[in-house]
């Protein structure tokens, strides 16, 4: 079940140079007394990207939700810089940005309003400007005044991904970020990801598609048998 | 297009309607003003005080036309909304939308004048009487129409949805009109609108009718002007609007 | 690196919820109209005798308050749950109970406050004496926030939890009942010239209790529901 | 190639809605409990004078029925809209008004029928004389389906819109009022020993009218809302 | 804007051999008085697959909804065997199966219940059996009793696609059917599609991914500029 596991010495490294790292230790989850996965271990250092893989229903989404502290694992824990995230959720969440299956944007607000809202709810990136972010995400200008529920699926996803650029998060957790995006949009997200990694950020993502992350350290985590 | 006369069909194009409405709304406005002055003069100054009610009866010249208009406007609104929905005529929907605030205003006016009149006549501003209540409901229907329209942001969808609402609300109009017969109420029964023999003196009837006409023309003038604005906004990307705006700018 | 401010988050969330309710200015009128319609149902259904109306007025206005609370409670977290905003709310660095409080305040501003504004007018329509007006306002001011606070717990428990049982209704409605009884009773008594400090004190302490505990309970319930 | 049967579709849809309601028992109980609370609020909050109660009983029960219908209407098409089932409903080869009718029937079975069952008990609570009991049941039997039928039009018009609950009530409560007036009037008159066939006939014809037209209007409104 | 358009003689062919065909004529759609597309034409014969392409927000979903008669075009019409679909919606819908962005399945029902429901609401395929369909869609057996809202995104999508196998529809309209599916799932859907085409069915689909439909006549329709 475990494809890649960091040996202990590596962890020592992380802590010594002061940059953050995250690890999952002995994770297991059962639903209705059926184990979806057991004894899952991984670890991720600054500048690395973890790609969670597995067939439909193998527990990828569940695993990401555990990573975010949304779902309680049946066994094991998530550690941020060596400490269980449950000990200091607030500090952990200040470093985290999550984009899940559900976009987490309000259909009755415009893209601009949604991004402004996202910014004010967590730790904002200093230089972030909602309008520029939307431009960066190649959302056509006429969309600025259209309510999000009128946008197309791909446009909505772009707005949701805009959150990553509004927040100053070290750890990105992305559940199938490429869904609904056209090839141009996919390329864009790949660029965002590798840029983030090069700045020393971390990302955990799932996708059923081939991703092209040049110049990044991509690790794999295989779920399901 | 055999159902609609050709001239009406041509009129219904936004551009022609805009032209027509501009002219018509001006004319109607002036006629309304003239009739209003005449009606008010005859009603408030020149007509005899009622033998039972004295001078307070003069509220009638506002109250009764306003009450009539409140229902008339609703029917026009529902009709024009229906036409707009069925044949997808923007001008017709725009006219329906423009009618709603005017109708709501007349309804509020009828309610207010009725309440003012009620104090000397019945000793109270408000009773929960069938006609009064149904008139209040009519106000809610207008407000509901406007609320629904403002809640839907796609204008075509809004026009079709509000048309259905307006048509369903028509049932209520019947109830208002017959409320006086169905329940025994404080409110006066039909006096003017009895077809065979109006039980009202001619010297009061004439100013009343003049006021009614004045209100009608005011309605037309106001609603046409509003419909014009809405059309202009909706067609802002169309050639004729650009030309229009261009003309004005170059002047 | 600018820090996340709790104040900003609280205000933005509050503003967002208000904005969602009133996307257009005109929509601000909706709750007011709603109350007028609900209250006018009673004289229509009953015999519109002024004395009778005066007697039932407190009950009628309170039923309207309850209805407004119930109608809007249902959607308090639902749309946030459906579109994933609720997840995002849980993932902010701020204490969840305080964010939940922002949502509760928004709910009260939408469903409770308009009633307070309209109560004098509605009281007049229902022939309520002027001596009952202040008690009516006082009970509404103390009681409607309790409805929002307690209601939020129930909604949070049932938001994701389908088939979760009869819990919601059984949990929140019995808690609403004391509020209603004491409030309606206070207004009635005030009309009869009796002292009502007792009832007001009770409502006040209920409010204090709900204020202290409901956001905590709601936050906990939300975490469970999203698990 | 087996043909699509309208009967099967009607029954399956009805069964589905009942099953969903049954899995959501909590939500199902909400309107019912609300009904009981509204009705019991009056004896509790007002001074429990038996004569007063008897006078207001028909109105109170009817207003409560109205409000309970309102509460449950809100979710009539919402979840179907959110998860795309409504689209699928529009894409069946069967006439949409009839499918809509199945949903309306389900709504009535869930929200109207229980009131009929509860009404005698509540009537007793409010000291309603036994001579009014049959008229009460008769008006409820004729009137509550009208509420479901007319209400469905409003819900269909507002299904995709925000601020749903309050907007919905603005649209449909005015349309409910004739039912309320005639029904409460009938029960009141029956208590006074008067003839009520007129009112029952009116309610009956309203039901017939609504039955004939509401499914059509609702179907049209749904097609518009989904455009 | 038009990439492939069938010449008139082809249409004559369709009608002469009695198999159905569908065409869109002069379609245009405006939202809030802005045109999303204008003058769109296409036609599709039995055994063919139409792939609608375009960047995010180019109007693909809207176009499919018009095809289904859900959205009213501002101009133009859809014709089924030469006749405007609005003339005889019921007959058209008996031939149609649509799987949109929203799955159209009830989260509070189990997969089996959902499929049974789908079958009874439209014209069922004679030999269709819900349990077999779920098996064909490779939904693990334990899912049969799990409510759909507990399923993973990909599993839910499989249930939604199951509708295609329950109904006896000539025309499939699929809006990004590959979303959330793992490679195995995608392969499956490709097989379903080519099987359907070989049996003389028609399909209209959108997708942002490369699809491999061997042995099928795939036509393209390009939206957006």
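By written order: A, B, C, D and E. Residues from 1 in each chain.
Following the convention adopted for this analysis, contacts are C-beta pairs under 8 Å (C-beta built on N, C-alpha and C of every residue); 3 or more make two chains touch, one makes a residue touch a chain.
If you're wondering where the values come from, they're calculated on a predicted model, not measured in any experiment.
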Pair of chains ranked first by number of touching C-beta pairs: C-D
Chain whose Cα centroid lies at the greatest distance from that of chain B: A
Far-end chain from chain C, centres as C-alpha averages: E
Cα-centroid distance, chain A relative to chain D, in whole angstrom: 46
Mean-CA-position distance for chain E and chain C (Å): 46
Where chain A and chain E are represented by their mean Cα positions, the distance between them in whole Å: 32
For chain C, residues contacting two or more additional chains: 20, 23, 27, 30, 33, 37, 44, 82, 162-163
Residues of chain A engaged with two or more neighbouring chains: 101, 108, 150
Touching two or more other chains - residue numbers and ranges from chain B: 133, 140, 143, 147, 151, 153-154
Touch list for chain B against partner chain C, complex: 126-129, 133, 136, 140, 143, 146-147, 150-151
Chain B residues touching chain D - in the complex, by the definition given at the top: 130, 133-134, 137, 140-141, 143-144, 147-148, 151-152, 154, 156-157, 160-161, 164-165, 167-169, 171-172, 175
Contacting residues of chain C [partner chain B, same complex]: 23-24, 26-27, 29-30, 33, 36-37, 40, 43-44, 48, 53, 125
Chain E - residues contacting chain D, complex: 68-72, 90-91, 93-94, 96, 98, 100-109, 113, 116-118, 120-124, 126, 163, 168
Chain E-facing residues of chain D, complex: 1-4, 8-9, 11-13, 16, 19-20, 23-24, 79, 82-85, 87-95, 226-227
